[in-house]
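Shared chain: chain A. Partners: chain B in the first complex, chain C in the second.
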Partner chain A sequence: MTFDVVTTGIALLTYFGIFSLMAISLNLEYGLAGVPNFGKALFVSIGAYTAGVTYTRLLPIIAGHTPLNPCGETLGQALQLRSEIMQGQPVAGFVNFGITLVIAALIGGVVGYGLSYITLRLKEEWFLALVLLVGGEILRITVRGYSPIICASNGVAAVAQPFSFFDDVRTASVAYMLLVLVLALMAYIYAERLTRSPFGRLLKAIRESDRVAQSLGKDAARVRAQVMMIGSAMAAVAGVLFAVNIGFVSTNDYVVALTLDVWVMIVLGGMANHRGALLGVFIITVLDRATAVVAVQLSMSDISIEFNYVRFILFGVILLLMLRFRPQGILPEKPQTTQVADGFARTS
Partner chain B sequence: MLEVRNLQKQFGGLTAVKDVSLTVPQGKIIGLIGPNGSGKSTLINVVSGIYPATSGAVWFKGDDITHLSPHQSFELGLGRGFQDASLFFQMTVLDNTLIPVKKQRGERPWLAPWWRSWLGEEKQNANRADEVLQQVLLRDHINKPAADLSGGQMKLLELARTFMGEPDMLLLDEPTAGVAPTLAYNIFEQIRLMRDQFGMTFLIVEHRLGILFDFVDWLYVMHMGEILAEGTPDEIMANERVRDVYFGD
Partner chain C sequence: MSEALLISSLVRSLQTGSLYALMALGITLTFSVIKLPNFAHAEYITVGAYAALILTLNAEVSLVVVLVVAFVVAALVALLSHVVVFRPLEEHQTSEYTMLLASFAVGLILRYVLFLLADTLEIFDKRIQIGQEIVFRSDALILTNIFAWVVPTSVFMVILLVLLLNYTPLGREMRALAVNMNLAQIIGIRVERVKVVTWLAVGGLAGIAGAFWGIQTSVNPMMGWFAILSVFAAAILGGLTSFPGTILGAFVVAFSENTLMQVLHHYLGLDFSFKPAIPFVIIVIVLLVRPQGFTDFFQRLRTNRYER
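Our next item is the complex of A and B:
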């Protein structure tokens, strides 16, 4: 087997972009606001399932066809129709992709706001963590057993990325990688501006003490629900990009391990520092790809080691070492928030 | 300004506040004293909405605020300080001071990323914070993390920060706890200044009676969850029952 550096690089950067969205969203929620979102997979899966629904129902309508049942006897025809539309009608593909992103962000945002506002008014934030963790599993098991969404455990294939009309696969991959990186960059700029605004300062205050923030007139439950809405919408967008990148929507991809991967990324890089989060994403993505490549290479040889499990051990060790020796992450949080502080530094 | 009527607070079988009634007129500094465990802090927590009242009522500026949460009470003009220095330690002194400012455009998530929409307002708020910090002698520390301040400076920052929310009345729980005597006096002078210049009203829980008596207009004494006595500092000092509670028979 030959190792294609360019293809691996494209895949790595695409994953980097997608996971950057997830990590930035978690960094806003936990790093800044102290909301322990252990349901990241829930919101990512909302995006993926949305893509599963729009690609099988909406896409044919946009392209001027009658949607076919994607699960039953017409499975093959429906799959072929999707492929033909994505390759032959790029405008329909892009319109569907855009609408999918918007719907996913809306559903993710509404679910994020609703769940957290109700839960945070009842109990403290760790109760929300449990609700989200369990909620992700409930949704996954429900979707796996309920055919109309993504054909239950069979999943939905041919959820192609919008550049698949290019004849050259590599060109299509590079174009999609660039699209993902642009979206990740936009998310980074948005999060950075949010963090350095009075809203970011408010989130930090609530993280440090919601009791004190409330006594200073701040509705902590509502503000935390707002940041959950933003983070969940972002995670749902990442879910669409993730599903479209692999071209397949399956419940198997949105397990608790996905949530934990994103946690390792922000703990490693630096909580409440978005550059740190991106650094964490980069390191973990490289390690993830590297261990995957080594696993494949080993499986091709006579060595009988299941190397995929080394990845879990490695991430666990990284998490423990960081929490023990550098809990603030590689790039720690900066204390200053307000944009007008520099003026006072000069005059004082 | 504030009226507490027959307030009761029970934790399971324990009654921490028993049928307490008190009145705090506008522009006055009222002290609330009593031995440890007499229910002072619980009373403050119920009045400010941190603990729900078991029975009774709290009225503030003509509104029944008994069932309001702390942020709703703050919106109406009732602020509070905590026994422990309750700063946002990882944030700068300036950021700490800007938090309580009401109705900030930049705190709305849909406006926050568009800096132009709130930067002018932020500058105005920061200028006001600068003046307030100068008043409490913390201007030189404006861009330092709050964690780097001394205990007394932390208390002063807490006072300045609460003031930034423009409250009509402040509930203060031991504002001089853990502070050197000179600085403790300074804190009370700042409180009196706020009252004299801005007409603010104070209800203060304090153990340093020597300093407190120099500044308060009226005192309530709590014991075993009840109001034992009330009066001017001279009347309270002369009260036998109060002496018994503090010094024994």
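Our next item is the complex of A and C:
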């Protein structure tokens, strides 16, 4: 296998876009509102499983076929039907993709709101982190054990991206990359606007002291549930994009390690600073790809060191060094002033 | 459901429960004394198991020596993580999520260092070389010498820990730290020394549990990580503060994973692939419904005793 710069670049930017959505959502939740969401994998997986369901049930109906059972004896036929539709009927593919994004965002939002509404009332705050972490594992084990969703541990293949009707593979991947980047950019602009809005200031106030916010008549639990809803919907969208990008929905991808990756990104880049989060995502995805390339190159030469292990050690060390020496991240949170405060600063 | 199946699952519950107790007491101890929900605890278990495995692969030694080596190595690794990572972070007065994240990072590093080690020495999924022999056999039940070791050793270690905590000056200092760190410092308790001893005890117990775990199944770098959430479930059942609660919790978790799972499988047709979800469901239910775990129950027992 030769090293192809363009292909690697496209893959890198696609991953950058997908993880940007996850990192921005976590940055809204933890950076701004102080909700320690250790269940990012849970909400990302909701999106991925949604894609698994719509691609196997909804897509054939939109394309005018009767859906086949995707798991049993008709597995091969169903798979072939899916890829034929994705290649031959681009409109059906796009409609299905759009509906998938909407459904995923809705389910993610509702689950995020519901779960946080319960868990935010827990005795200690880090219990929420634990419940969400464990919730992701429960969902994973359930989906893996209960066949009708995504065929249990077999997963669903041929979850193709909507541009796969292009004959040229590179054109298709560039188009998908652009789609992902546009979605990520929209999420970034939305997050920036949200941060500067009164709601964003309220989130920061609650992060600093929910008692003070409550004494001013704000329902801290409800506001946090709202930000969890926004973040979870965003994470579910990222999950759809993630699953569609690799073209396969499997329960093995949405483990605690995914959550930790996103945490490393925002701790590295800067909490409560969306530009920082994007920087963190960029550094980590570049490192990730670079170590993957090095691993492949090494495995072809005689050096018998498994570089994929080194990658995880590297991530752990980066996280520890950041927590110890620069807990605010590379780009720290910007102080926020209002025009009135600026006026006071000028007069005094 | 056949009697043999039930009895053998009960025996397994007892054996796993004792090991969970050893591991979960460490979680509770770190949480009370160090104020840290330590996810790197999983890797102390794996470190102990690997220390034992490498020893038995290279020399023929008795089980006691194996356990001592597992204890010492895991204790030293736990202490190392305290000195290199957790103590510097504590001195910077960081938030508890920072500590939680740091414990994940420490676990990640240790786990993949073990992966590298296992890869170079080619020791994946090997059993610790301790001869298994059958000590008791009947129609319904076969007991090996491993069972005869695991349960008494765990009980012995737990009793030792309880004695240490309740009847020695050091244990008193540990409990003082657990109740109020600042006050303990003011009245002249050497906090750092107490913490060092705590880390050694926590790591050592996890190491012994890991060695036993590797004797009854096999050793791989993920073993601790796969066990850790069951262990957390046990500690959470103990309210993360109560030692008797944690021990009871360990047996409840082990019982649900083995016997209850067997019963559910038999009567409701629940597939065994759902078994790993059991400790998670326990965690969620306990945290949502009864975050104090069994703590109240044991406190009530104690107050009743004094009132009488």
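Observations, loosely collected:
By our rule, the second predicted complex is superposed on the first by the 334 of 348 C-alpha atoms of A that agree within 3 Å, B and C clash if a C-alpha of one lies under 4 Å from a C-alpha of the other, contacts with A are read in each partner's own complex, and residues count from 1 in each chain.
Please note the rule applied: a residue touches a chain if its C-beta (ideal position, glycine included) is under 8 Å from a C-beta of that chain, and two chains touch if they have at least 3 such contacts.
Keep in mind that this is a model prediction, so the values were computed, not measured.
By the touch criterion defined above, A:134 reaches chain C but does not reach chain B. In the superposition on chain A, no contact is made by A:77 with either chain B or chain C. Once chain A of one complex is fitted onto chain A of the other, the partner contacts of A:7 are absent, as it touches neither chain B nor chain C.
Once the two complexes are laid over each other on the shared chain, residue contacts for A:199 go to chain B alone; chain C is not touched.
Look at A:319: by the touch rule set out above, it reaches chain C but stays clear of chain B.
Once the two complexes are laid over each other on the shared chain, residue contacts for A:297 go to neither chain B nor chain C. Look at A:260: by the touch rule set out above, it reaches chain C but stays clear of chain B.
Put simply, chain C touches chain A in their complex at residues 37, 85, 88-89, 92, 94, 96-98, 100-102, 104-106, 108-109, 111-113, 115-116, 119-120, 229, 232, 236, 271, 273-274, 276-277, 280-281, 283-284, 287-288, 291-292. Residues 30, 36, 118-119, 122-124, 126-127, 129-131, 134-135, 137-138, 141-142, 144-145, 152-153, 260, 263, 267, 304-306, 309-310, 312-313, 315-317, 319-320, 323-324, 327 of chain A are the ones touching chain C in the complex. Touching chain A in their complex are the following residues of chain B: 48, 50, 69-71, 74-75, 79-80, 82, 86-92, 94-95, 98-100, 102, 104-109, 112-115, 118-119, 122-123, 126, 130, 139-140, 142-143, 145, 161-162, 165.
Those residues of chain A lying in contact with chain B across their complex are 190, 193-194, 197-202, 204-205, 208-209, 211-220, 226-227, 230, 333, 335-341, 343-345, 348.
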